[in-house]
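Across the two complexes that follow, chain A remains constant while its partner is chain B and subsequently chain C.
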Partner chain A sequence: MGEEIRTTVAGRVGSSIARSAAYGMMILFTGMTLYPIFWLIMNSFKSTKEFQVSQLAFPAEPTMSNYVEAWKMGDFALLFPNSIVYTVGATLGIVFVSLLAGFAFAKISSRATKPIYNGFVIGILITAQSLMIPLFLEVNLLGIYNTRIAVLLVYIGTGLPLGVYLSTEYIKSIPNALIESARIDGATFFSIFRKIVVPMSLPVAVTLSILNISNIWNEFALINILVSRTELKSLPLGIFKFSGSLSTDYGKQFAALTIGMVPMLLFYIVFRKQITKGVAAGAVKG
Partner chain B sequence: MPNRLRLRGEEGRAYWSMVLPAFSIYLLVMAFPIVLSIVLSVSNYDGGKMFGGDPWGFAGFKAYARVFSDPLFWNALKNNAYIVLMSVFGQLPLGFIFAYIIYRKLVKWPGFWQGVLYVPNIISVIVVGLLWQTIFSPNGPIAEVMNSIARAGFQSRLEAILAGVGSLDISDDHVRKILDLAGPAALEWFTDPVPELKELIQSYSGAPMQELLNDLCNLFVQRWSPEFLSKSNVAMLPILFVLLWMYTGMYLILFLANMQKIDAQIIEAARIDGASEWQVMRCIILPSLSGTIVNSAILAISGSLSSFSLIFAMTGGGPSRVTEILSIYMYNNAFLGRPNLPLANAISLIMVVISFFLIVLTKLAEKRYGGKED
Partner chain C sequence: MKKSIAAILLIALAVSGGFAQDKVTLTVMNYQQADQAGYPEDVKIWQDFQAANPDITLNIEVLFNDPYHQKLQAYAAAGTMPDVFYVWPGARSAVVHEKRLAKDLNQLLGAAYLKDFSAAATNPANQLGKYMAMLPQSYTYTSVMYVNKKLLEDNGFKLPKTYADLKKMVPKLKAKGVSVAMLPNKDAWPMQSCLFSTVVGRMAGDSFLDAVLAGKAKFTDKEFVASLQVIADLYKDGIFSREDVQIGYGEAAGMFASGKAAIYIDGDWRVGAYITDKASGKALIAPAAQESDFVLLPFPSIPGEKNRGVVSAVAGTGWAVSSSLPAGSAKEKAATRLIKYLYSPEVQAIRFGTGAYVPTRKGVKADVEPLVAKVPVFYADNAKTCYVVDGVLDPAVYNVINDGLIAIGLGTKAPAQVAAETQKAYESWLASK
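Right after this comes the complex of A and B.
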């Protein structure tokens, strides 16, 4: 019966014209999405000379030398570990600090909760980029310009509004009875946090990590004003170097862009389902 | 009673030690910069040590007056508005259509299309910006494709004219036809076109025809060099296109996720009762997505405030500052040429105020459309 209904509905939804139009549109737009990326990767294996002869042909003599040189010129051996430190450090920081605060907001009653929590929620819609200049001045004032700690603090701070919001809303759904019975058994709030809240909050921790990992790995505008020393730069800053005087050296530029793109593409291929879910949960917020 | 008091004390200590890490980082990174921008925007601080350096103090609202009388500010605001309009009338409808196609199973492999269309979101904006900068550049692939099409067209018409004619026995008539084909620009090459070109063609006798064709193409086909990003009247268009390319997939995911929450039985029942597909869309799907649509529009506005990196990579705000958006306008005022910090802080605060306006909008939308969706 159900199957029958579905076929009638599907039958009427999809007149063959509508179906062909839908396929046509999907193929056109996915092609437009993938071709530039494919084009970039393909050309990263050409010498600049071959690129100038034809940009659309397959590489006749594929070469890895662009990668070797781009890796050296971009100091990627330094920047790659930096990006990992910033991404992992800030993501862990955001998740841990958000869950802590979320637990307090959701399960310990206090008159302070309302104003502070609302403060975080308001922060969700404040784009950190609009605070670029005062942040730059503040970091200089505190004497932490060109330090890793400044980058980590700023990244954690900008991730907190959404982190605290999602954590609090999630932890609210943990039954009070669980926490109360642990309290009666004499557990401290911290051991309840460790033994009950953290294990039960894994789904929201995963969502938060997924959202923040790609954001932080790709972040450019803020770190651009926080550090100027090469030893502290992240991958996007290194890639940006290839836009200026190096921009006519197409082979190396494309290799650098590919190096910048591949880690996140792999991350996406592995975690596509969670990323999609996380975006849907994180982007539509109040 | 004393026991209870002790408990409250422990509760309070636990509460604050859990809230304070988040709260203090938040104050440091988000709240304090806002205060700083308020203070500095009405000051005459111009860099250097904030304390213990040259003294600085209150300077009134000069910076704001300057911002509002600066045509570049209005230009930047206009560009932000363009980005919002492109989102609302480009990304949102396209994302909605894609989501609808997938949701109503008009195509197979839903995961594939969704997965591919979201890819540009995951790539670093800097990579995307530099990639498209190259694509739109005067020597980029668009130019190459257009030029090879133009060349192929010219060559085939040239072949038609020269069909069956050897280069030695070419007549004045043929030469005139070739000159017509090449257009007025070709005449610049010659003082007396017909005999000179005829002589030139005749000098190819014995050589393969292809060589003559190639050289004539080289001579007459004008290389078209697109200047998408360096012509000030069109430079915003490629940027808007790339934003469309990048973020449509995100709206697809938002719409699809919320469509999937609609009870499928309602739609099936409506279809059985004879509702047309259009009626299903208008009376069931669209109304249940009204909250999502409003949220997406708000997202589009906040997105326009955070498009710094893409434009920074594609044009840096140029040519001659026409593609600046507010954040780039602010950055350029703080770091380019002679920095004007009160001005930059005033712009920063204006952007924060726009964000607050968005928050109010969100609250109103929540009241109107009932509750959050997650």
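Right after this comes the complex of A and C.
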């Protein structure tokens, strides 16, 4: 009996130590994630001189002028709507085309399926940097340099490899019997796609949206190559105007970075439940 | 009466038609950073040109740092260079020089115009392609000691003239928590560009680097190893703190201004960080203190130096005109007008006034703060210059030197080891050419 109690107490002590250690680790990693964001926002309210003298203290004389100046100098009023158009447009395009292709690759077998599928998937290995000059030549050749359509097409194209891969693997888990019985009932492939595949693939569609929204919102290298007119540029290009290695005005630089970060933070705060569910569901087939 | 009025109107129409010009559109790539001192002035320079030249429309693309160079590479690959663009005289803009993507400004601007610029700026030998692809706006000294004279005097020290003078300051200043000299090297290039190049110039000389490039000398030769040893000694003797290797380039100016070091080593361009920011009205060092408490000096003499007092310097950046513009075309004329405006005494005076650089255009006067006014005096006092290492070597080689200087700073590599690695990198680069 005494031995049993000792074992139970020892077990409880052990589990509470393990729990404390786990919480400790989680608090540490949360701090490591949140502190830089907090530091950035806090310093965005300081003048550059105050920042250079004290980088860790709270602002003695908080100022909003950094935000006003950064907004004006970065042309953010022009760039913000562009970022929204590119992010929403390209994400919808990637999700739609990926599901269409995924359906074809997973459920409509043909001799061409494998090579075409592999052709898409190999794109996962290609970096944006290696595409920059060929894409620049291509959009010039097509006469769409400095247009929104070029940006959208390139973003959709570069998002497809991962999109097609995830969609195909996910759609493979939809029972073939469902598709076949719909075919027997005379449904066309597109109506099967619309009425069966899309509703059943919502988890992977959410996963794709989450991955692409943050990628496209922060994308810099390709759009820098694809447009030169300010009215077509996106937020990261405006923010980059404030992030040179010879910086002298940190206040404005931090304000610009905060402006670029806040929409993504809000997106995650508002949709956090859907995001968690989507990532978990999209990650596991079936 | 009616006939004569009609005739006058017709003549007026004909005359105005004759003088009316078609609008010319120029594409321009500007190198501009919004959080740098002088940004509002730069914006105004372009606005003023646009207002004064309604017959020219400027489509300006603004970029900075690597994205600027990536875009320029893309334009070069596609053969669609902008009409006017910003360019470096050396390897940073190699594609422009090697493919001759810019017009020869010697021919475009003419000798009569160029005589108002310093001889170093108009010498084609100072540019990679050995022709005048661009006109350097400045001639940059990459190694300047910003000395807090007051701090030294308060501690009983005179301005340092020799390495031994620096060494003497260490115990007293260190006890007070003040570094003798600071050179932030987290970004890897500052030590090479802002001090090591001068040290190589002093210990080995430009002739040594020429000999290496001609295959007649090696980086493992004693002159180069001795140059690396000087940097090692600076850390070993406590003149530099090993912590400086972890300090970012952007952070150090504020630290020096707040008295954390008696001496700060950087390029002449860094004066811009200390003067009054026109937008906020604030300065890291107040103008009165700039005048009385701070001086600009060359690095003191080093034991064993061959070339006394030389300081590393390089032709600065400038503007180029695309070689694709047809000779005599309206576009070429508009581009020439823009270039002449950008190099005009008025625009150069604005740049000088913001502390951006000391112009190569002769006789430019500006109402500048004391620290900026000290730069041309520094030039005059230190006329003997030497190469900047990253201006003559390929990135594949000078990046090894940069990394080696960090390792020396941390005390993890010996000078001879870094010299051997540099020689190996140079041989690999030669083999890959």
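Here, the second predicted complex is superposed on the first by the 225 of 286 C-alpha atoms of A that agree within 3 Å, B and C clash if a C-alpha of one lies under 4 Å from a C-alpha of the other, contacts with A are read in each partner's own complex, and residues count from 1 in each chain.
Keep in mind that, in the parts below, contacts are C-beta pairs under 8 Å (C-beta built on N, C-alpha and C of every residue); 3 or more make two chains touch, one makes a residue touch a chain.
If you're wondering where the values come from, they're calculated on a predicted model, not measured in any experiment.
Chemist: First (chain B), second (chain C), both or neither: which does A:Glu169 touch?
Modeler: first
Chemist: Considering only the touch criterion stated at the top, classify A:Gly74 as touching first (chain B), second (chain C), both, or neither.
Modeler: second
Chemist: Touch test for A:Val270: chain B only (first), chain C only (second), both, or neither?
Modeler: Neither partner.
Chemist: With both complexes superposed on chain A, which partner does A:Phe242 reach: first (chain B), second (chain C), both or neither?
Modeler: Touch partners of A:Phe242: chain B and chain C.
Chemist: State whether A:Ala60 touches chain B only (first), chain C only (second), both chains, or neither.
Modeler: Neither: A:Ala60 stays clear of chain B and chain C.
Chemist: Quick one: classify A:Lys252 as touching chain B (first), chain C (second), both or neither.
Modeler: In the superposition, A:Lys252 contacts chain C only.
Chemist: With the two structures laid over each other on chain A, which partner does A:Met32 touch: chain B (first), chain C (second), both, or neither?
Modeler: After superposition on chain A, A:Met32 lies in contact with chain B alone.
Chemist: Counting residues of chain A touched by each partner, does chain B or chain C come out ahead?
Modeler: B
Chemist: Pick one for A:Thr48: touches chain B only (first), chain C only (second), both, or neither.
Modeler: second
Chemist: Look at A:Met132 in the shared chain and tell me whether it touches chain B only, chain C only, both, or neither; answer first, second, both or neither.
Modeler: both
Chemist: Residues on chain A in contact with chain B in one complex and with chain C in the other?
Modeler: Chain A residues touching both partners: 52, 132-133, 136-137, 140, 220-221, 240, 242-243, 247, 250, 253.
Chemist: Using the touch rule from the top, collect the residues of chain C that touch chain A in their complex.
Modeler: Listed in rising order, the residues are 27, 32-37, 39, 59, 61-65, 67, 70-71, 73-74, 77-78, 80, 187, 249-251, 253-255, 257-258, 269, 272-273, 277, 279-280, 282, 284.
Chemist: Touching chain B in the complex: which residues of chain A?
Modeler: 5-6, 8-10, 12-14, 18-19, 22-23, 25-26, 29-30, 32-34, 36-37, 39-40, 52, 54-56, 97-98, 100-101, 103-105, 108, 110, 112, 116, 119-120, 122-123, 125-138, 140-141, 153-154, 156-158, 160-161, 164, 169, 188-190, 193, 214, 217-218, 220-221, 235-236, 239-240, 242-243, 247, 250, 253-254, 257, 260-261, 264-265, 267-268, 272, 275-277, 279-281, 283-286
Chemist: Mind pulling up the chain B residues that touch chain A in the complex?
Modeler: Its residues touching chain A are 10-12, 14-15, 18-19, 21-23, 25-26, 28-34, 36-37, 40, 50-51, 94, 97-98, 101, 104-107, 113-127, 130-135, 139-141, 144-145, 245, 248-250, 253-254, 256-258, 267-268, 271-272, 277, 292, 295-296, 298-299, 302, 305-306, 308-309, 312-313, 326-327, 330-331, 334, 341, 344-345, 347-348, 351-352, 355-356, 358-359, 362-363, 366, 372-374.
Chemist: Which residues of chain A touch chain C once you look at their complex with the stated criterion?
Modeler: On the chain A side, the touching residues are 47-49, 51-53, 69-70, 73-74, 132-133, 136-137, 140, 220-221, 224-225, 228-230, 240-250, 252-253, 256.
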